[in-house]
Amino acid sequence: RAQEKSLKIGAYGGYFKDSFDKHIFPEFTKATGISVESIAQPTGEAWLVQLEQAARAGQAPADVSMISQVSMLRGSAAGIWAKLDPAKMPNIENVMPSFINKYDDGSVCGVGAVTWYITLVSNSDVIAQAPSSWEELWKPDRAGQLGLLALVTNSFLLDVTAKTYFGGQEILDTEEGIMKVMDKLAELKDNVQLWYRDEAQFEQALKSGEIPMGQYYHDVAGLAAADGYPVRSTFPKEGGINDSGSWAVSKASEKLDLAHVFIDFMSQPEIQTLLSRKVGTSPTVARAKTSLTDAEFASVSSEIEPIIPRYDMYQQRADWLSQKWTELIVS
Amino acid sequence: MSGLVFESIVKKFGEFTAVHETSLTIPQGKFVCLLGPSGCGKTTLLRMIAGLEAATAGRILLDGDDVTRIPTHKRDFGMVFQNLALFPHLTVGENIVYPLRIRGVSKADCLAAVKRLLDLVQLPDMAGRPVSKLSGGQKQRVAIARALALEPKLFLLDEPLSALDAKLRESMQIELKQLQQKLGITTIVVTHDQREAMTMADLVVVMSQGKVHQVAPPVEIYRKPKDAFVADFIGSTNLISGRISGSGKLAVAGGTLLADDLPATGDVTVSVRPENIRVTAGSGDNTPGCLAGEVSYIRDLGASIEMYLSVAGQQITAITTPSDRPDIAAGDAVSVHFPKDACVVLGDA
Amino acid sequence: MSGLVFESIVKKFGEFTAVHETSLTIPQGKFVCLLGPSGCGKTTLLRMIAGLEAATAGRILLDGDDVTRIPTHKRDFGMVFQNLALFPHLTVGENIVYPLRIRGVSKADCLAAVKRLLDLVQLPDMAGRPVSKLSGGQKQRVAIARALALEPKLFLLDEPLSALDAKLRESMQIELKQLQQKLGITTIVVTHDQREAMTMADLVVVMSQGKVHQVAPPVEIYRKPKDAFVADFIGSTNLISGRISGSGKLAVAGGTLLADDLPATGDVTVSVRPENIRVTAGSGDNTPGCLAGEVSYIRDLGASIEMYLSVAGQQITAITTPSDRPDIAAGDAVSVHFPKDACVVLGDA
Amino acid sequence: MKIKPRTFSDYASIGFPAGMLMVFFVIPFGIMIAVSFFQRVQGAFYEPAFVFDNYARFLTSFFGGILGFSIGLAALVAVVSVLLAFPFTYILTRMARRTQVVWLVFLLSVLSLSEVLIGFGWSTLLSRTAGISNLLVAVGILDKPMSLSPSFGAVMTGMVYQTFPYTVLVLFPALSRLDPSLVEVARTLGSGPVRSFLNVVVPALRNSIVSTLIMVFVFALGCYLLPQLLGKPSHWTLSVLITDQAIYQSNMPFAAAMAVFLVLVSLSLVAISLLYGKKENAA
Amino acid sequence: MINTFILRLFLGTIALFMAAPLAVVAGVSFNERKSLSFPPEGFSLDWYAQIFTEDSWRSALFNSVGVAVGASSLAVVVAFPLAWFLWRFHAPWARIVQVLGLAPFILPPVITALGFLSFWTTAGAYGQAWTVVISHGIFFVTLPLVTLTLGFEAVDDSLVEAAATMGADDRTILRTIILPLILPYIISGMAFAFVLSLNEYIVAYMAVGFTVETLPIKIFNSLRYGYTPTMASVTVLFVAIAVVVFGLIARFGDLPRLLGAWRHDDDS
């Protein structure tokens, strides 16, 4: 029966899922004969809670899910991911090693699915000169003009501050160092008009010029600009923030074999190219292996060396960080 | 034994005794009024008959059968509630055949019954009306028709007329009485209006504070009240204390009175109705049955004239009609006549 | 001009005219009862006096000043509502001094006023009670005390006694009347109970369907009703149609009657109270003022006896006391006597 | 006419709802209480245990401040809502039936406006580029348009907007059953309309007002979306942080502990005000 | 007389206050471009069409309505016997069940949501569509419980007794007297539960967020990738449905009475 050859795949609900449903999953089904039941999953963290709760009860709301890095680590700590067998997925050779997630014992539990950039965005009607550095966020004349992400685990502003003012992310190794970074970060608080959680909350304000500057997703900003809104995304000289999502399989899933087939399929350079073109994400394979043109590549990525968040820190100090962060922005 | 019998019935609500031990027999086919002041337990008694309230002790027999434990819906008694309790979501006709319909009587038979019952209560052609569109008197009749739909063994009415205005009420009393005579069903009506009881009943049961004081036909209740409570409650009366002297005479303050059925000796209370007292101008002869008094004041109510008299320090009220009014005014000395057959010697309440 | 004057007052609710053009003078210091069947506009009239309802046309004058446009809270009239409307969140004392407190009267003066008013209504030491803990009659008196706290120019009461039971009601009527006499305030009481009006009022205003029928002292209302409505509404009566013949005689079916104040000619209606009709056994002499009749039936109500007679095809009711009861039974031929001064010739309603 | 339940079928009728509520309400809530004592595993989830760490973590001045703010905000929302809704409902109940129906349908329909959209609507109305301040500029009250959101005022506006229809609907029965003659009698005794409203209507309905305040307060305390959409982080309530901890930090034990605490606090506030109300009544 | 000007001003301000966000939402729903600009740019009804043409919105709409119908029916089914029992029988302990029925509404919604999440995963039914129906049904049981309690209190005891004297047993009374009389209260309790369930987000999200996308979840998900005017048009549609539903209730029932006013006219 067809049911046996079907897979439940979670992708972020909304635009993301729509694009996958339209452009990617049909290709997969065509190529493998495995049908896909796509599942609108909420934000990574919330989805993780649900996966975890379900796994405790031996259930898998989705077989394969796209999970952000912080959540990947959390999930591995709790051991909710199934171990993957690289031998069954020859194509993951293509994926850059930094996008392969492993358990402490070295076994693979996640494979890079897509990556994206968070950059400095601005409204070109309000701000004539495109900003070129994250330092722009600290400028006194930006008072009340910024929109920043509200969670420590998705804004990655600690990494940005460390890179911009403390010569690199090493300072984040110790709690004292992190506190210094936070003190620096506290200086820009007066500039922030909006700490947002849902992208659209900021997007609307950015488009209208209500809040003319902030951090935002490079790909979505590009779509808005293409629609004719006065929105621009700039890779600052310190680098854009590069975050990624990995495919991971719930331990409770009974379709590990099919999941291998799927992940293998998604790791092909051609599919990564397709993703960049249709979904707007940046590939997890080296650019050279893709057939992206310069213009296409520029629209999803940049040659400037990115800021890769200190995921280890976000995992190991999770509660302490969230407490300090909350105190930082709330007080 | 045909009729309704109460055997030592008691009803308590928690600590409070609403009906004290009561035994009572109501013969088949009679029209009975339960009469008494508010809160005396009339409704409670009626509800026990209907099975809406469980008796705390005692038995209720109907035609010799014990019905005490039979649930209300199996008793087949017709009952009209004080507020009529017409079903607001049903039409007049639907209300009337409700008891038939829930027994699965056929549509045709129901229609026939509606017609018959509406004719009986003189409301033909009203079957389709919603009950909210009826006048008070019409509602009344629908409630009665509904209670009669089953040809009940017993017909119970709880202050059925209290919500009506005086004129309508009077005509409904007469109609109700005629209906009962026509159908011959034992009927028990609760009321606190003594006039209503006097008009309708074959038998009046006077209650107060959970106790039955007297059971008798209306005129007897009025003319021969058993105790001071009944005398005072039914109509108004003058209560005069007296003492029976050795010679079989009744001595009261200010003179002596004449009365029938005097006990041998002791202190007694005598009830004399105001309308039976005759007042004449001038201080009288002070023979037995006549006392000297003084007029306190006179109230002219149109249809009748009330004279408030002071007789040997006691307040006495007499009533007369305008045509018989003696020529007296406040302050005048008068003779107050107490006819022998008007003086009723009371038992203990 | 001292007193309350209505000048061509009209009140409409939308299309519906609740009070038709009415002019009326109520002299200072009188006790007035507004009497009439339900829905006749009594409450509306009273509310217009209080300013709770705006008159559609006309003026209301108090002691010569036009008060028609003065808002209620500036009129200084005391009013007692049918449901009493005591403030549930205040104690007895606080209720009573409410009108003083909102005028900033000092605490000490308020205390004194509470004491004085509670003494007046015979409820001393009740000041601290919550109003929910009062009996019906006590609530009544608190409402009256509150309305009197300001020494109002006018004292208005809307069916103040309708919620009370018969005995309590009677005693409250007397108290109310005595209070009014003591204070001498012009008092207007709405009621639909004619007995109440007869007992209390100096002046009765009889209304029906938004119109005033008669304004007169109670006994005059009863003895000399102006029209058939008043005659029938106040007490019960026999209405007999007649025609005045050329010779100044009043011809009715079955004979002639005698009456005062006969108009020259035409058709008239005569009202004769049942208690004024005398019945004797045997067919009579058929002189003027006496008609031959037949007994339909007799009802013994204890205090009185009702005789239903058929006189020349018309139903006539006569009432007598037990002591005057003629020796007749249903079916007997009787003479029915209509005394001359009992026959009242009515105007058009 | 109430009787004691006797037969099996008498009990059956309550058995079903009681069972449903036990299984689907008491057990889930019991699980949450249990979870609040579980051991948090840093960087992962939690393990069954019996520890008070989660409560201990909560008892800091930081969370104390947030709890204080949440209670203050909820209380203020309740007070403002009732202040607006009480006179409004009073006027409403005195209007013609037809008008009442129109208003009621309108208010009930506003209830079907989702919270996100309320947040969006108000953030637009309070924005610099498209908001009310532009109108104020047009009529000359302001020099230039200003941004009014996010701000405390915006949070208040949004929450009052959300609670207002509920408040009206809760007050409606009490006010429409209020005997109109109380006000009329006050007027015959010399109180003007405003005064009689203040010293008759309000005190006569004090109990309804207190229970409405409690209801709105509890409702506002549970609100987690509007403070995020219309407020700065300093305006976030405990409910926001509970959501954060549960969802974004995967810290269910701590979230549960905060929630249990919140429920306890609101229940005790409710109990206190009820007791207070009782006492006033008895006096 | 009350100063009518101040009165009108007050009522007008309230009306404006209540209508303003509605106006924004409605305005936005007519935007020509896929943006939530206000004032709207251009005019288009596409976003309304999209509710029905686009699969995901349409299914979200149907899911929501389906869940709301199921949940509000369940809430009534649970509340009815409880309210009936409380009204019919004298049993003090039943108050506990009543408090349980009133409690779900008092808890912060997040907690209810997490409780259900744990519960359904433990029970092994996590993610099944019907779990959200039960969750909502229990969450909103308070509303019909309150209206039904009101409704039963409004049933005149003597109607029941009258029916009993005519031979109706408990069951017959329930069917022929109580149900017809209480129907308006059932409807209004159900309508309240329906409307609230339609808009409930977090419980639905936690219980079945990933399998059954209800409208609020759909709106939230689309919040992540840009507001679309469709969410405004859906909301406008919702409000319109509510107007129709409550308008019908008002037309065929006595809305003020259902909401707790005494009936002044038509005394029986």
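Order of writing sets the labels: A, B, C, D and E. Residues in every chain begin at 1.
By definition in this document, a contact is a pair of C-beta atoms (placed from the backbone, for glycine too) under 8 Å apart; a residue touches a chain by one contact, two chains touch by 3 or more.
Which chain is which protein? Per UniProt: B, C = Polyamine ABC transporter ATP-binding protein; D = ABC transporter permease; E = Spermidine/putrescine ABC transporter permease.
What you see is a predicted model, and the numbers here were worked out from it, not measured in a lab.
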### Query
What is the shortest path, in steps, from subunit B to subunit D (ABC transporter permease) when you may only step between chains that touch?
2
### Task
Name the chain whose C-alpha centroid is most distant from the C-alpha centroid of subunit C.
A
### Query
Which chains, taken as a pair, are joined by the highest number of C-beta contacts?
D-E
### Message
So the centre of each chain is just the mean of its C-alpha atoms; given that, what is the distance between subunit A and subunit B in Å?
### Response
91
### Message
Taking the mean of the CA coordinates per chain, how far is subunit B from subunit E in Å?
### Response
55
#### Entry: Rounded Å distance, subunit D (ABC transporter permease) centre to subunit E centre (Cα mean)
17
### Task
Would you mind pulling out the distance in Å between where the CA atoms of subunit A average out and where those of subunit E do?
38
### Residues within subunit A bordering two or more other chains
43, 46, 49, 201, 208
### Residues of subunit C whose C-beta touches two or more other chains
71
### Query
At which residue positions does subunit D (ABC transporter permease) touch at least two other chains?
1, 130, 246, 252
### Message
Let me make sure I understand the interfaces: which chain pairs count as touching?
### Response
A-D, A-E, B-C, B-E, C-D, D-E
### Task
Report the residues of subunit B in contact with subunit E in the complex, numbered from low to high.
50-52, 71-79, 81-83, 85-89, 98-99, 101-103, 131-132, 139, 146-147, 149-150, 156
### Query
In the complex of these two chains, what residues of subunit A are touching subunit E?
10, 12-18, 39-43, 46-47, 49-50, 53-54, 56-59, 61-62, 198-201, 203-204, 207-208, 220, 224, 227, 229
### Message
For a test of understanding, state which residues of subunit E touch subunit D (ABC transporter permease) in their complex under the given definition.
### Response
1-2, 7, 10-11, 14-15, 17-18, 20-22, 24-25, 28, 36-39, 78-79, 81-82, 84-85, 87-91, 94, 97, 100-101, 103-104, 106-112, 114-116, 118-119, 122, 134-135, 138, 141, 150, 157, 160-161, 195-196, 198-199, 201-202, 215-216, 219-220, 223, 227, 231-232, 235, 238-239, 241-243, 246-247, 250, 255-256, 259-262
### Query
What residues on subunit C touch subunit B, complex-wise?
37-38, 165, 192, 195, 198-199, 218-219, 221-223, 234-235, 273-276, 278, 299-304, 319-324, 339, 342
### Task
Flag every residue of subunit D (ABC transporter permease) that touches subunit C in the complex, lowest number first.
179, 181-182, 184-192, 195-196, 199-200, 203-204, 206
